[in-house]
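First the structure, then my questions, so here it is.
By letter and in written order, the chains are A, B, C and D; residue numbering begins at 1 in each of them.
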């Protein structure tokens, strides 16, 4: 973070920021669509490439009421640079992740019910499905309990993901944070995290499960990350 | 309740009452949207500020058929003051809450499935999630079993919420009542109550849970009530 | 059944039959809306008042493709009287119910998941919720296992409901049949049956439940049947 | 497979292929509608009658973005014959099924949650419901764990379905493959498989279940396959 924090959106990034406002706004519609949120309880952000800036949801605004103009542009310490709304109360946590991990371009946060149930127990989701190997490359880990308001949540997210292939972490007693190269990848990881949290929960109600062998996990993850999609 | 009950909507409140008819009508769409109700089994009301009046759903009318004109204006003893419909059969319970608690401006009632499952057992939902600390400031309490038709349900709701920060109560063998400064806050509490009832139920199926420490609950609740939103 | 079976819709019932075609068709949209059916697996019928006729869904047609013209008019032995479609394969069961119970004007049949789970075990749903007392007036009973094709299912439905206030019966190893004064009441009973089947299932996962006292069940049922609605 | 693989869609099949592009595209909307998929994780294909060709979903494209032009025409070894998109990463498995089973005209693949939960444990779903006898004619079997990329999954699907009436197989640690005379039948089987996987799971949480007697299963399956529908 050696460059000074911008006080306004630089002219040359105007187009990119407006594109990201629309993109981040649109991705919020995926949260209720996939049953990841109740009322206003989840949020998505995107890093502005080439600047120490991020675009994030305003705090406490219902998903159906969001427009691109409501998105808030903040610096990577969570200070508002542009926007007429108060940013998400999770802004500081998103900002910490962007500061610590330059490779990350998108962050999503939800309290999706099955994933949060694992988080409530502080239990990692074991990698027992090929879809988990594909997307997460192993277990979905647990991060520490941390209070909102300072750097503790962001620090916990970064520490828990350190050295793992998983783009998702279950924050103990709280909910899910996911990351990706961009905001869409982070939202996809949030959708897949809830999906496997649910399936593995249901599966285990019926009997014990076996983790996939590590070499299969490695092969599946490698193929999915490199050969899947367009 | 020292002022006499109005026999009609006072002229100076006409605009406010019409605004509340539209608002209360619109909030009923949130009940099926968040899967809180089956058929016609939930209702919302709002106090008319500055008068001993409330606006409430008509009885037994499907959510998709409701228009603002169908809402019923009652006094705080549940007598109809304006409207061509029979009011909700829960009107007396809403009315009691408004009489006893002048700080409450909105009430919602549902049989949402996970919360009602806790109510069927008469078991409070333990505060094991940060989202519960935020919205409820502790456990969601249980109120007594009470029959519809008199003041018993309303009395039970008020007694169970006495001295607590929770805007929700699980009425034993029945369902959920939530309250708020206005009708939207009460509906939000109903949505959040079902959300945490579900997550904590699922979590406990997988193993024992620990209540959050009281000082964390206090800090989270204080922050959410004072710093969240716009 | 002393009157001879009509060979065509009598002229004086044309308007009523057309109204029922539209009504029964429209009620089928409630089945997917309330998550009671998969693909084409549920059906609704209505008796034509004043004639030994019924209006029922055609067999195997997706809900989104149904129009009033697709509904089939049958006599009360399941023979087609009017319509260009094959009637539901459950027509014989609906017909038996209408023959045996002149007070019944509507029948619905689903494999809704939670109610069918109780049916798979052959276990009645105990009346532990006020909403069950309201709508069902007691436990939801279990009927016998019976094969489709003859009168066995219809006979089992009628026998299981004999002397009870419940408009719903869980047919063992099969699914749910509900009845009512009209088709809408039968569909409402199907929605409420799944709702309480789910809530009571979830409740019992967390601990033992107590049936409501009989005098409370009686009082609740009496009030709901006589004072609820418009 | 004695005929040479086509290098392009033959002129005389142009109309049929265009029809199948629209049909297969449209059937993908059923996957999210019935809650069988998360994000882009399920796919459907159809054999082109009269040619060694199939039409399949492109890889990693969201369901809401699919148009008929996005569907990919492949030969029965998974090589692209027509289309501007990369085909589903499951194309090789679909292709193997078409090569080995000339009677099969449609294949669907999902990770639907309840069915995949049974697959995670490698446990067949016992035939305890009439709806299972109707559609599957017995238990829904388990196929072997197999890695994507070669013929192993397709081979496992074909082997597991050998000699059974079930159009669905639970691939261990992975998900569901279903087959049918056409693509719609395969999608219907996927919907019904998830439905019964869920109901039987819920039923067993409440107590032990009994498989239907074989002669009842036989009678139900025979009737449903021959007398149901239009």
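Miscellaneous remarks
One rule holds in what follows: a contact is a pair of C-beta atoms (placed from the backbone, for glycine too) under 8 Å apart; a residue touches a chain by one contact, two chains touch by 3 or more.
Since the model is a prediction, treat every value here as computed from it, not as a measurement.
The minimal number of chain-to-chain contact steps leading from subunit B to subunit D is 2. Between subunit A and subunit D, two chains of identical sequence, the interface residue sets overlap only in part, with shared numbers making up under half of the total. Fitting subunit A to subunit B on Cα positions gives a rotation angle of 90°, stated in steps of 5. Averaged Cα coordinates give subunit C a centre that lies 32 Å from the centre of subunit D.
Multi-chain contact residues of subunit D (touching two or more other chains) are listed as 205.
Under the contact rule defined at the top, the touching pairs of chains are A-B, A-D, B-C, C-D. Of all the residues in subunit B, the ones that touch subunit A in their complex are 34, 128-131, 188, 191-192, 194-195, 198-200, 202-203, 205-209, 212, 216, 219-220, 223-224, 227-230. Across the interface of their complex, subunit D is touched by residues 38-39, 41, 58-61, 85-86, 89, 111, 113-114, 116-118, 120-121, 123, 145, 147-149, 173-175, 201, 204-205 of subunit C.
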